[in-house]
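Two complexes are shown next, each including chain A; its partner changes from chain B in the first to chain C in the second.
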Partner chain A sequence: MNDIILKIKDLTISYKTRKGSLVAVKDVNLELKRGETLAIVGESGCGKSSLAKGILRLFPRNIEKVIGEIYIDGKEILSLDQETFRKEVRWSKISMVFQGAINSLNPVLKVVHQVAEPLIIHMGMDKISAYKRAKEILSLVGISENFAERYPFELSGGMKQRVVIAMALITNPQIVILDEPTSALDIITQANIMNLLKILKKELNLSYIFITHDIATTSELADKVAVMYAGEIVEISPSEEFYSTPAHGYTMMLLNSVPTLRTDKKLKSIPGTPPSLINPPKGCKFHPRCQYVMDICKEKEPPLFNKGKEHLAKCYIGENHG
Partner chain B sequence: MDKNETLLKIDNLKVWFEIRKSIISPPIYVKAVDGINFELKEGESISLVGESGSGKTTLGKTILRLYEPTSGKIYFDGKDITNIDEKELKWYRRQTGLVQQDPFGALPSHFTIYRILEEPLLINKIGTPQERKEMIFKALEEVKLTPIEDFVSKYPHMLSGGQMQRVVIARALIMRPKLVVADEPVSMLDASVRIEILDLLKELQDKFHMSLIYITHDLATVRMFSKYIFIMYAGNLVERSTTQEILKYPLHPYTKALLSAIPDPDPENRKKLRDVPPGEPPNLVNPPEGCRFHPRCPNVMDICRKEVPPEKEVKENHWVKCWLY
Partner chain C sequence: MNEVELSGYSLKGIIKEVLRYKVGIFAIGILIFLILLSIYAVITMPYEKTIYMWNNSQLWLKNPRNAIPIWWSIFIGKKLPTNINLSKYVKEKHISDNPKRIEYIYSFSYNYDEFPPELNIFFKSNYKKDPPVIKIYWEKPNGDKIFLLERSLRGKEDTLYIQNIDKLENVLASYIKEKVGYYPTYPLTVMRGLFVDNSGNLSIYKGNYKLYLDVTFNDQNDTINIEPILYGLVYGIAGTDHLRRPLSIALLWGAPLDISFGVGAALSITILHLIFATISGWYGRRIDFIIQRFTEIFMLLPFLPLVIMISLFYKLTIWKLLLVVILTSLFGTGVKTQRALVLQVKNLPYIEAAKAYGASNMRIVFLYLIPKILPPVIPNLVISIPGFVFLEAILSLFGVLDPTQPTWGRIIEDAFQNGALYKGYFYWVLEPSFMLILTAISFAFLGFAIDKIVNPKLKEM
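For the complex of A and B:
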């Protein structure tokens, strides 16, 4: 069995806009091992959701170019034709919990039907066994039989989030992409959902791609953290190193802007706003906002430097650049 | 002991919303705020913390008299404003300001920033056009939207979320209110600008000696911000004290649960489950008998199911509504 379940090679995604070509994802390289969780963090507009949807080949209408390769279980999926991809990969190998999905549940269908639907439509299962399977999955995520027969408006926010997670798991995928799965929920409910995701991962041996802007919540799931800025992955490191020894200026400043409950530290926000993706700045894209900026950052785009074991960063800090 | 004057006094305030009107059946109420007491001194800030549906926004809006209280009293500057008429309400609006949660929805999209900030001045017939211009420029300078000349002619959609929220703050403060309610002012913004906006709000609060009610669900931002924390659950204040005290010695099981639900960035988190109670806040149409937290409480006793716990001062300035104490 192949240990690396997902591999992304030099992925670039660009959109057509009235102002010109917008590069939402640029030269992204990633690897995800079986049973591992990779968190992708960044500000809004950094391209993290574009990347996630790109892996599922869900492109908006104004897509311009998709370059690169994506391997799932050793098989390249960008070159597959739509129909094969839909039948063999999307949802059966890799599924997604979309941001704000709890508001997209169909109000006039019982939740059990909404969870069972992919089995009936995609897998051609009959209704009785599909419902049976849906109820099993629902009970796995903590929704009792009695609630399975209800309509979305009868459920609380936390329960709806559980339903949405069940929908992503019904087809037995190996990889689940979680796009801000708890951002609309209350704090205690958030913690409950995180607990559920941890348990599911262990029981079903899932691999997660966890997309979030919340640095504190990241630590709840992530084995590995990739930081995205202006469409690029600027740093990728094991979770232990991400918090203790960040190597990119952006990561350092990001960590300093997180309010924490238990430690007293002086917080500092990051000045300025993320750059335009149509006309990004020269050199390192973060240099106009970086407090550690050097002359070279303004001129030459930094390559990915090796900063430790499985730790890469696109940053000149600590490098001898002559 | 404290020479500061009490600005706001809330006395057994209840806000119930009627949800079904019928001639035959009796009306049904959502008890969004159900019996709240507290005082706020001039220049002080409190944070109202609770989950969605706990009634914190209703309480904030009722204090601003955007909602009509069902019973109880609100005193502002020693004056009973619970049931004041239109004319006095206009006076009260000048004394208070609101910073909304969603800057995208709070700013009218067809007004320029200049016009948005001029609106409260026009309504209250303040100043000549020249004086108003000076006030608007000063307000934008205070919220650090510079160069001002560039911003006055812009429309809201041309600004980033953080910049919009600065305009919302400028508008709330342009009348120099004595009391400002900030309802989740940063929850819609990116993490990197949150600190900036909260710092700004804190700075202006100190500068103008305003009283501030900060409504949030995020305990982690409270510690940098206000002196007191009030914890709300299902329409009640279950615990209140200074920020330091609550974070160090939480007493109410709900407060403890809230605190343990918040992760600090630590890679060890992923290896363990968080110790939080299951379930969600109750329906406020039919809240549980006795203590409203009892169905989720890990320390529940018999009495909690039957009787509402009184609010008790357990330590100096540390009030809790729980039978354990």
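For the complex of A and C:
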């Protein structure tokens, strides 16, 4: 039991907008084991980042309601009050690498101070020892001491990304949420960062929640892959099964749209756009775009079907429904 | 490892940037001059001692009244008299022992183009029973010795204001009549009578004069100390005021007082506005509402009349005035404009990141928001400094401030009260005005230069 470090139960997050209530995350159930990497893939606007920020309780101002439970190390965190949560959970148990590292560094703080910030805030460390630790962790991610004394604008994109990763690791958290950590980088830097993440994971026994829209990078790191569509997790499966035997119509079409190195196939895009989250379509939310659409898809929302060992999908394909 | 030079965000770097502009060089030059002046003032004249001296009129009796600066005579083209302390030229002549009688002879040359305004003789005597008796003679360059007066001293410390003794006018007039043949046609004063030549016109007799003081003591052990001073029309680098105080003291001390007042007011008001704006923008909701309403109320209050009223009710010193100025502008336009900047910045990703790694609200306000919105605020801060320096001057000029502080505004007020412009003492008004304008220009130019640095778009204009 103790192996499950993060458990999300029926999490629903909705925002208030001028047009009405927008359900960004709907009935999400997730489990993450110690040392495991869970990849969450999906299109832009499918609720990946909302889910990630929801775990850290970083809600925007127009939040309407949050229903469900999130357990970290068996402790429910949504019911904690703001201050306790800020002090006990944020960064000490769970940290995050933000989308677009270029913008998530304070432009007026030196890199080493920026990295040391969580230590100073959470551990109450004095500046000197915090800086020392920050320099250690910076060298772990491959930033030399020479660069530690610089300001963020003096660093390249890849270096900034490393700094942000160093910052996420400095308090020895158990879970690191990586919100598209490589999306702003070129391929070579991407590969470097991915390798770095792999090494760090092994060395520090971290659990990752890896959020991306790039299925190719997922395959390198993930043990488990969850596919999100319109705020829901439509399929969740172990990494090997995900690529070989996708069970959801969306996953199948998604994999068809990704180029592979060894097989020669024609790429197919998915027609249409993601549905409005304010007025989602009836039945399966993917049915207007699905090439495998059946009558029942338009009428009834599919439940989670068991498609294999630890493999679940919300899809009627291959199911006996009558 | 290569030590790459970091681009200058240190003070040194900023100054280097500023010096790239001509106005910057000009501003920094003046500023350095003013700062050196302030440092010189603070080091050479301790504050308490200066204030004491400035407000003690007895200390300045040996200075000329309303003397113009020495360098002024260059423009006039005349040789104007400076103060002459005659005790330097003394010769003692022992006349008799019983009664003890000593003659003090002061011989000096007078070659200036104007009559001296005053001749005062300061006596300090020590006696047992009766004060010494003094006989005063005056010898003109031609050797004529005129008996001026005889009197006994009125106390242990006594002063003879020679120019104020009316009966001397008669003595001198009859001397002139004797020499010229008729009474002087010009209005005769004592000082004129002492220094006029025998041509019948009002012209100065240049040459060696002698002042004889024949002192008869009452007792053998009585002593006397005499200091005759012939006052000049010019004094020092800045002249003197109506109380014979050297203006250079106030001009020097005005620099640290006025600049620290201006910088103090501008700095604290800007910082307070920054903090209120950031708190207002960051917390939003009720706090925002309260701060914004307060700001509107403060913006409606008429600042200058309010400050004048407060200064009238409570005789304010310059430091209390600083407090009043800060309190009356706690909230102002700065709060509005900077709040707008905060609203822009607060949604940037790095702020969200800071929230995520657990930075407290106060930490975000002071370490994340304020540094980010600081750059456009700094030129305004610098430019607003002269405004406060002038405010101090204006309030001094209205006579509502503590009169004991030697500030620039105070000198202008004194000059104004004593009709300086009417009487032709232009230096009295021009000197402090020049310092005020110099300060204003230096800070304004510095502000422009910094503005160009933090708003690079202005560089192209």
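Everything that follows uses one rule, which is that the second predicted complex is superposed on the first by the 319 of 322 C-alpha atoms of A that agree within 3 Å, B and C clash if a C-alpha of one lies under 4 Å from a C-alpha of the other, contacts with A are read in each partner's own complex, and residues count from 1 in each chain.
Everything that follows uses one rule, which is that a residue touches a chain if its C-beta (ideal position, glycine included) is under 8 Å from a C-beta of that chain, and two chains touch if they have at least 3 such contacts.
As the structure is a prediction and not an experimental result, all values here were calculated from the model.
Chemist: Between chain B (first) and chain C (second), which does A:118 come into contact with in this model arrangement: first, second, both, or neither?
Modeler: After superposition on chain A, A:118 lies in contact with chain C alone.
Chemist: Is A:144 contacted by the first partner chain B, the second partner chain C, both or neither?
Modeler: Touch partner of A:144: chain C, not chain B.
Chemist: Tell me which partner touches more residues of chain A in the superposed arrangement, chain B or chain C.
Modeler: B
Chemist: One more residue to check, A:156. First (chain B), second (chain C), both or neither?
Modeler: In the superposed model, A:156 contacts chain B only, not chain C.
Chemist: Touching A:187 in the superposition: chain B (first), chain C (second), both, neither?
Modeler: first
Chemist: With the two complexes superposed on chain A, say which partner A:128 touches: chain B (first), chain C (second), both, or neither.
Modeler: In the superposed model, A:128 contacts neither chain B nor chain C.
Chemist: Where on chain A is chain C touching in the complex?
Modeler: 53, 56, 58, 86-87, 90-92, 95-96, 98-100, 103-109, 117-118, 121-122, 144, 146, 150-151, 154, 164, 167
Chemist: Considering the complex alone, what residue numbers of chain A touch chain B?
Modeler: 37, 43-44, 156-159, 186-192, 194-195, 198-199, 213-223, 239-240, 242-243, 253-255, 257-263, 267-270, 273
Chemist: Which positions of chain B touch chain A when the two form their complex?
Modeler: On the chain B side, the touching residues are 51-52, 160, 162, 190-196, 199, 217-221, 223-224, 247, 257-270, 273-274, 276-278, 280-281.
Chemist: Where on chain C does chain A make contact in their complex?
Modeler: Interface residues on chain C, with respect to chain A: 1-4, 6, 9, 348-350, 352-360, 363, 367-368, 371-372.
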